[in-house]
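Below you'll find the structure, written out as structure tokens, and then a few comments.
To keep things simple, chains are lettered A, B, C and D as they appear, and every chain counts its residues starting from 1.
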Amino acid sequence: MIVVMNPGASEEQLQHVVKMVEEMGLTSHIIRGTNRTVVAAVGDKRMVDKGAIENAPGVEKIVPILAPFKVASREVKPEPTIVEIGPAKTPIGGTSPIGVIAGPCSIEDRSQLLDLAEQIKASGAIALRGGAFKPRTSPYSFQGLAEEGLEYLAEARERTGLAVVTEVLTVTHVEMVAQYADVLQIGARNMQNFFLLRAVGEQPKPVLLKRGMSAGMDEFLLAAEYIISAGNKNVILCERGIRTFEEYVRNTLALTIIPAIKRVSHLPIIADPTHGTGHQWLVEPMSMAAVAAGADGLIIEVHPDPEHAMTDAAQQINPQAFTQLMQRTTRIAQAVDRSMAFLKTIS
Amino acid sequence: MIVVMNPGASEEQLQHVVKMVEEMGLTSHIIRGTNRTVVAAVGDKRMVDKGAIENAPGVEKIVPILAPFKVASREVKPEPTIVEIGPAKTPIGGTSPIGVIAGPCSIEDRSQLLDLAEQIKASGAIALRGGAFKPRTSPYSFQGLAEEGLEYLAEARERTGLAVVTEVLTVTHVEMVAQYADVLQIGARNMQNFFLLRAVGEQPKPVLLKRGMSAGMDEFLLAAEYIISAGNKNVILCERGIRTFEEYVRNTLALTIIPAIKRVSHLPIIADPTHGTGHQWLVEPMSMAAVAAGADGLIIEVHPDPEHAMTDAAQQINPQAFTQLMQRTTRIAQAVDRSMAFLKTIS
Amino acid sequence: MIVVMNPGASEEQLQHVVKMVEEMGLTSHIIRGTNRTVVAAVGDKRMVDKGAIENAPGVEKIVPILAPFKVASREVKPEPTIVEIGPAKTPIGGTSPIGVIAGPCSIEDRSQLLDLAEQIKASGAIALRGGAFKPRTSPYSFQGLAEEGLEYLAEARERTGLAVVTEVLTVTHVEMVAQYADVLQIGARNMQNFFLLRAVGEQPKPVLLKRGMSAGMDEFLLAAEYIISAGNKNVILCERGIRTFEEYVRNTLALTIIPAIKRVSHLPIIADPTHGTGHQWLVEPMSMAAVAAGADGLIIEVHPDPEHAMTDAAQQINPQAFTQLMQRTTRIAQAVDRSMAFLKTIS
Amino acid sequence: MIVVMNPGASEEQLQHVVKMVEEMGLTSHIIRGTNRTVVAAVGDKRMVDKGAIENAPGVEKIVPILAPFKVASREVKPEPTIVEIGPAKTPIGGTSPIGVIAGPCSIEDRSQLLDLAEQIKASGAIALRGGAFKPRTSPYSFQGLAEEGLEYLAEARERTGLAVVTEVLTVTHVEMVAQYADVLQIGARNMQNFFLLRAVGEQPKPVLLKRGMSAGMDEFLLAAEYIISAGNKNVILCERGIRTFEEYVRNTLALTIIPAIKRVSHLPIIADPTHGTGHQWLVEPMSMAAVAAGADGLIIEVHPDPEHAMTDAAQQINPQAFTQLMQRTTRIAQAVDRSMAFLKTIS
């Protein structure tokens, strides 16, 4: 941390800052510049709130030097984390093939889900997604089939071997959802629901952590840090669009975070071009762009009949469009020297 | 809802849209314009996902007409909601005096809290805030005193008569927190934690609902709608800053939402200039601006010794600064023909 | 500037950075921390692009310490700048009374403008605004009366004594506009039109510089720095709303920049609640909030018949609404120990 | 346009709105819904400011139906525009090969530029970029070599056959820059400098129009509309990143605008991953992603010695990195069934 003093700060104010720095267990170095005196505070005290110093007399601002995350960083663990998901233990991360998770926004009907699972498997998906509990902006919207939906997902896994990915919305559901799912998804709206992060960190199933709509990269990795520091190393990050002024999309898919995360963190990161754009006609090109940018996988909403979907109808694609998306994305994967993951048969 | 057809949409596509609209229980009116044909869909079906129509062939886009919230709107309830808080039943909302809630970011020490409660009461606050459970971005930061902190708050209320406002972070805590607190606060990070919204909606204590960092006005009111539709009408909204590109503040305090909310909703709205700016030297001017813009109250972080605060040290003010803030804000309140709330003595 | 080295940076890489720093004419100090080595570069070289160092091997990032602006800063000039405008030399800035500039978005008609000028003067405005050249987002929109409009403004000044404020859009117009106007306005879209900034800096009339829609505080002050360093010290800043995700306003009026600018700069700053909100019903409360936050003045669009305005009709208020706004704002001004400016009669 | 009336609007207010709509030359249709009465106004009057209606009594809001741009739209011109640039008339747009423009941020030295031109040509670029006049945020930064720089660019074209792309900053430079350049670039900061847009529209050289930092898609296309409606159809759009809260990049590269523009407009669109990210290590992956998303070309800053670049040093890549970028991007181009443009030899 660097403490920048005001131009007119007194020697006494400077010494007070030095004292505060040292009370925090840090070592201080005073550098007297042409226009400013700064105090460099040395030591790794990520757990101390250093904002206090900003309140001390004569202080202009403080500038952090160390990234706030630790166990999610490449510094602590240089080699990439590879997360294995589902009965086939399909690896995600590092140089593993690109894994695609597909399925409806919400689970609406048993036979429809089972049919769809077969279709997406045939097109090359390695996991089935589907919402049993839905976080709906409006209390009047369809809220999901709850545990019944989880049973259908499990049944689809039995039949196809696909891994099951589903969202968990609240601490009290973690145990139940973990009984059915192979991967617990934390939605964008819960990225800073710290009790929930800890709860999924204390169970062993892999976690798919979506970036919050207005989360910076540091905050995103700190959310992962909560899960890891609670004991669960199997975290897959997911970029799903951020909130900006752009009017032609529901969210702005910020693909640059993919290579940026890979530079500082060992965690795998996938992209969600469905929520990341909000329109079905944008899902295919942005899937291709995400893989070109280095994504380790994709999560795509596919519905057998999007016109009659009960939720997020505007952004779901149908199985035919998904098949084409997979074909085109496979070519991009090859162009970046990666293949597409396929589902190993379990004997 | 207005469905806008593509310029080259066929008559068949148009009739398909009409059919979809009518299947939703809505009446359709076709308007053939110079460049576009549109279908106006009439009827109040806020609970139907109309996105499906965007996926139908020949459709360019859909444009909603009705606001998505209902029970939070002035249409349904024109007169302002007045929420009474604490043992003194201090009213917030309508033309009630402006109520100020003050206290430390987190509760750190019993005697310190009791002293502070006396001080803020003397300066004119009507409620004491304090975090017992802290939603911290980093897992390494101080996480709060938990139930012990709630006990100190309750003790402070006993001694001073101040109402107690504290945050509830997870569904499983609602019952416990409601035993101690007069007002349950839902933090910005939980504004779309729909299970938590429902849980505080199902208990009787008033709720202080903070706006999410990237929540639009409609989303903010829909979050309130969750609480109200679960049975609890006593919702106080709170603007606490939004996430933008601005680099000199932690958040951008968007005060315009105050008169904008008052136009469409009957709910009271207060401002949080502490989190809304992130710097102690900005709290006073933005408190004054908030009251000038029509805020029904303020929530301010006050700490006896901000330099040694364990959390959010940079943005907390000390009791002396709070006293001055109250004096200056009182003058603004008078200039908008409102007074400052004071704590009635309970006999 | 602080150069942060990568965790594994070699001694050779460190020495290479030290050499680069010294080639820039800066002094270097190496600080070896627990997790990072940093190089503090001391000296005031705001004109050198230090980004090059970020490209050197072993460098993680660079962190600037000095604000990039200089002549606009309080460091260089601690006392506030007071800008005198118009024939009455009404002062703006420091502890001067609050000056209100009012008038139509665009000048449409001579007699209408002259009548309006009398009305706004009667309500307490000290300057008349009006667009002669209009920066319109669409090429099909009304583009203004050009020089004819400027003549009407000058005639209105003759009759009323009001100062004339009007926008200059391009370098080739500066001389002509300066012949008629008392204050040259640089619009938000031109805040980084550096040739135009220099051109208005090379003539003597005061400049009203609006903040760009996505300009940070540093960029805003650097734009002022262009004008001042070209020779013109009479710069008045203006907050007019920034672009965010907010959907209920045209822009988000970021009033916090008012006290923030006053902390670091000596320049006066006013607010534009008309463009800052985009809706006429928000102009009055946000005018009041701006003055409470410390604004040195306001600029308000007033039109005799907003329903028939040729531009920006939704956001202009009528003269009756302006009179009420002035009365209410006067009370806020008094509550912050300031008065409203009035137009001195020139004998 | 749809005019939405307030719930309690009177019949008289409704008729007043109908009258206003008809005065604008539009036809009105009244639709009486369950909760709202709306007036649909039919006709193509993109040039009329309809905001006035928002000010009429009883009106809640107005909702536009037609996109505000016209000659830039696919409706008016369904087939893609192909722009031919430079002596080799390299086509950009439609299904043409992907054209890459490369060169230094600013022109610093003649022989360095000539060498670099040969190098980027050898790697497959079809045009040379270089700034002769630099729009610098700070007045203390290097401002470019001016006309001397343009001469060097022209000399490089003579030697290599590369097209020359350079920025024009102000109306008075258009004629001079057009003498040297093959493509006139309008920078992000000038996207709404309407006089400049018109000036480049009145000359025949193709225009590269960069998206403003906070421009929506409609505003971007309206800026193109200014150029086209002034007589110049040869407009190439360029996504170069938008301003958001993201802290790890200088701008957020919003690649989704590429397929979105292609849906509504016939204009070619390229990407600028240099300014779009601000860090040299992000340029390659985001170039690949842009081509995968459908970009018609790229513009990349390449400097022979980025460590000693006088401007934008942190984001320029060296010629070796550019060669690798071209190789990797070629593979992505092939994966989307496009090739990379190459420079035809002019005999």
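The rule we apply is simple: a residue touches a chain if its C-beta (ideal position, glycine included) is under 8 Å from a C-beta of that chain, and two chains touch if they have at least 3 such contacts.
Owing to the predicted nature of the structure, the values given are computational and were not obtained by experimental measurement.
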Half is the threshold here, strictly exceeded: which of A-D, A-C or A-B has more than half of its contact pairs identical to B-C by residue number?
A-D
Tally the contacting C-beta pairs at the C-D interface and at the B-D interface, and name the larger one.
C-D
Which integer distance in Å separates the CA centroid of subunit C from that of subunit D?
27
Centroid from C-alpha atoms only, then distance subunit A to subunit D, rounded to Å. What do you get?
31
Per the C-alpha centroid definition, the whole-Å distance linking subunit B and subunit D comes out as 39
Going by residue number, subunit B touches two or more other chains at 214, 243-245
The answer for subunit D against subunit B in the complex is residues 2, 4, 7, 29, 31-36, 38, 40, 42-44, 63, 65-66, 75, 243-245
Subunit A - residues contacting subunit B, complex:
20, 46-47, 49-56, 68-70, 135-142, 169-172, 189-190, 192-196, 213-214, 219, 222, 225-226, 229-230, 243, 279-280, 306-316
Within the complex, which stretch of subunit C touches subunit B?
214, 216-218, 242, 244-249, 252-260, 263, 276-277, 281-282, 285-286, 288-294, 328, 331-332, 334-336
